[in-house]
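Below: a set of structures, written as structure tokens.
The same subunit A turns up in both complexes below, where it pairs with subunit B and then with subunit C.
What follows is the complex of A and B.
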């Protein structure tokens, strides 16, 4: 636990000054304005909450994916990767702790989006289910860290992490109903989207901002957490295998 | 004898081709980058399907398809500032040749990639959302995509020069710039949706004009409405390029030569 907390605190200190975080903070209001303008122009003020939820998830995922791609590469370029791996601490715990830090930091984009809707468009969004929203935000941040940790291990082997990072944005946002709910997508797409935690998180966030009662909140939050846990387990397993391979080949600093 | 501007741009282009080959294979471009960009078009167009607003889907599909070439082209900001990271900026500034010609050529792979992406989006994806083209319109559409890509390239070069001393901000600036264009230049909603001041500012962006021309082509409007916006598109692109040259020469290269700091402020 102390290793996990140390990794989390370390990344929080780094992230506050990193260009990646600045980029997400700078782009979230613009994304919100883009989505809101589309809804407002069509007089669909009922879609305002959609315009707040989407930039939040997009910002968090961009941060999580960014750190997952750069974490190993940065340790390698600084010459600290061997030392980190030589310690008895589990690398997967460090990885997930560091990604969780940026996922939690990404929650601030929801506040930004909420302010843009209120100040810029005069749409102050009420939060009728604050407890559900808070629990969903936490579960989502954890799930993001778990899922993105899969990428961290793949990036050890891949020289073109940046392309993978780019590719895993909009196709995933589309497939998971980050902006347009899965229920609006073709039926054949829905099962694919349901396998990824983002689809459950997006639905939960939107439901928490809606006046109507949220159906089965505990069960849905549990699904987000379970999918995130599965991601973490897959990531840890992959990382162990990748590390065994690079140790055997002696290519830890070369791949 | 020093190389002529033509030769400098040509060397820059050779560099761009090598850079592109190092970044992508045909497979990673087609299935990775192109797939991602088409997903972006579907992502925004999908919202149109929820609006129950006549013409919304078609409007969003056309705007976001052309927008793909802007997103692609704005990578010029990152590759230009990459000269500092590679340690070649000082050599470029020290050489008797004008580095702006090198910059003008060395990122041309991005507008070419953007041209290809937007062409696939407009001709391959567009018809699914009511954006169809007659055979006679195709050359005009291709011309407008090319003009958008080159105009955006000039905007990108200007921004690249601005951030050349703070390369940490290269992605922040390029992302914010293309999102601002996406928001305010008529891609998602008409320009007149925004306050007048915003509408006035976006007249300085080539995309605003080329997109208006493309919508005119798509709606089979008179030739004056198609070709009218081409003039301001070319003029604004030229102004951005000129501004990039002036800023680089007088506000970046000259002070940096004097202070000897080109490699120190990374």
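What follows is the complex of A and C.
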């Protein structure tokens, strides 16, 4: 069994016993309701799909980032980190497999948000480009896993990296066009947002829910995947360096 | 200090050249220091200093020492989770620093205690995951997990969550986890810590099986009885230094050789008389309390006779603990312990 698939399955099994991991299913409908209420109040029903896309990405990113940090902290606290490091398996592969599992679970928040819009607000959103949406969701989940794995190396190095983790949630949602399209944000923000996969994913999701034809879908999905792959490579490199450092300093098990 | 040739269990023989090339574990002048940032300013703490050790293939080698002696630090270096500061260590000829990934393919690490397993998963799921880290194919992994669960007596509880297991069951699962990669070298770090006596006996039987399979086992413990029961040779370690490496029987004899007599109501003059008896190797006298270390059984009898003759009745005898035996050994062999 490949280590990647084993890690993915492992995390799915763990998720079934970890209600904390699944809290995003409680928050996504609430965010959806808030965003839809704002859109309704502003009489901007054209933004309904935005109100579905944002909670999906927010939920997935929160899950991915949360597990990226917690898995290292948990491995440390239950004494498994050292045993994992003593095996020939690559920690970076385990990390990305486990994060991908929760990212994929997070995809279901889109269905949840869609139901909230339909049942709660009578706004049943059509999906004119289901293939693009499905491909974008998958690419986005992979990119989430790759990018969030960078966090894992920080947690190996600094058990108190939760502050960094927290700063990578709401500011990113705002700066990467998760809530408001990047094109609507100030010009100076856009270059920053464009190097983060979230902005590409958000645009793709919104385009897939729009009647108009999606321009260059394959290319845009490839950008999401490539940005995610870059994140993974950076994460793997950092993790390898950090592990060398903690082996040298003897701080692997420090909490 | 090292003795080559057949062990008392006949399981391990060293080649005539000393086995330098064939040794499963070779540690040479190994040292490890840590920066201590507690208190004011940074200092250095020495965990290991100048350790040299060889373990033959198929040997069960005990690493004995009190808590904080450096046993776990040595295990960490051998399992590549910690780099040495000085010296070198090789496992099956592979350098633990430069060829760490290859070393990890050949070793299995087993901790003692409750930690080191995924409590929310079942025993079977734990083994599947750990086995995947060794690159086992799915069918091979599943078959091996079943075999190991059977072997450690957990087949009936294979699907139960590990956090419902007793400590003994967790320890058996630890051993199964350590063997899932089919390692040639197994490192057992305080494997019976917290185990009940029955579970500890079962565990010893499992270690004996590992020997029969030709695996090399390095077992750390502070329990002399445990080491005597399962090891071919033991190394005594204290304060980061290796004091000696001997056949297990030899260390057992050393332990039983020394005895301590403690008496109250003893005058200074009487203490001097006791100190002068043959076989009394050390005497401490404070207020009216006497503590005499004897080296021969007859010496203990002589001390008791002298004390009884002078009307001293508050007397007790005891075997020294391992640390005290270390001190005897250090004194006898003229080694310096910092």
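Criterion: the second predicted complex is superposed on the first by the 250 of 255 C-alpha atoms of A that agree within 3 Å, B and C clash if a C-alpha of one lies under 4 Å from a C-alpha of the other, contacts with A are read in each partner's own complex, and residues count from 1 in each chain.
Here, a residue touches a chain if its C-beta (ideal position, glycine included) is under 8 Å from a C-beta of that chain, and two chains touch if they have at least 3 such contacts.
Since the model is a prediction, treat every value here as computed from it, not as a measurement.
Colleague: Touch test for A:13: subunit B only (first), subunit C only (second), both, or neither?
Modeller: A:13 contacts subunit C only, not subunit B.
Colleague: Let me test your reading of the model: by the given contact rule, A:47 touches which partner, first (subunit B), second (subunit C), both or neither?
Modeller: The answer is first: A:47 touches subunit B but not subunit C.
Colleague: Considering only touches as defined above, state whether A:2 meets subunit B (first), subunit C (second), both or neither.
Modeller: Touch status of A:2: second partner only.
Colleague: Can A:252 be said to touch subunit B (first), subunit C (second), both, or neither?
Modeller: In the superposition, A:252 touches subunit C alone.
Colleague: Does the superposition put A:241 against subunit B (first), subunit C (second), both, or neither?
Modeller: The answer is neither, since A:241 touches no partner chain.
Colleague: Should A:216 be classified as contacting the first partner (subunit B), the second (subunit C), both, or neither?
Modeller: neither
Colleague: Check whether A:33 is in contact with subunit B, with subunit C, with both or with neither, and answer first, second, both or neither.
Modeller: In the superposition, A:33 contacts subunit B only.
Colleague: Would you check which partner chain A:89 touches, where first means subunit B only, second means subunit C only, and both and neither mean what they say?
Modeller: Second partner only, subunit C.
Colleague: What residues on subunit A does subunit C touch that subunit B touches too?
Modeller: none
Colleague: List the residues on subunit A that touch subunit C in their complex, please.
Modeller: 1-3, 5-7, 10, 13-14, 17-18, 78-80, 82-89, 94, 247-250, 252
Colleague: Touching residues of subunit B toward subunit A in the complex: what are they?
Modeller: Touch residues, subunit B against subunit A: 23-24, 28, 32-33, 35-37, 39-40, 42-44, 46-53, 56, 60, 168-169, 171-172, 175-176, 179-180, 182-183, 188-190, 193-194.
Colleague: Would you pull the subunit A residues touching subunit B in the complex into a rising list?
Modeller: Of all residues in subunit A, those touching subunit B are 19, 22-23, 26-27, 30-31, 33-35, 37-44, 47, 50, 160, 163-164, 166-167, 169-171, 173-174, 179-180, 184-185.
Colleague: Residues of subunit C touching subunit A in their complex?
Modeller: Answer in residue numbers: 32, 34-35, 76, 79-83, 101, 104-105, 107, 109, 111, 113, 115-121, 125, 128-138, 141, 161, 177, 181.
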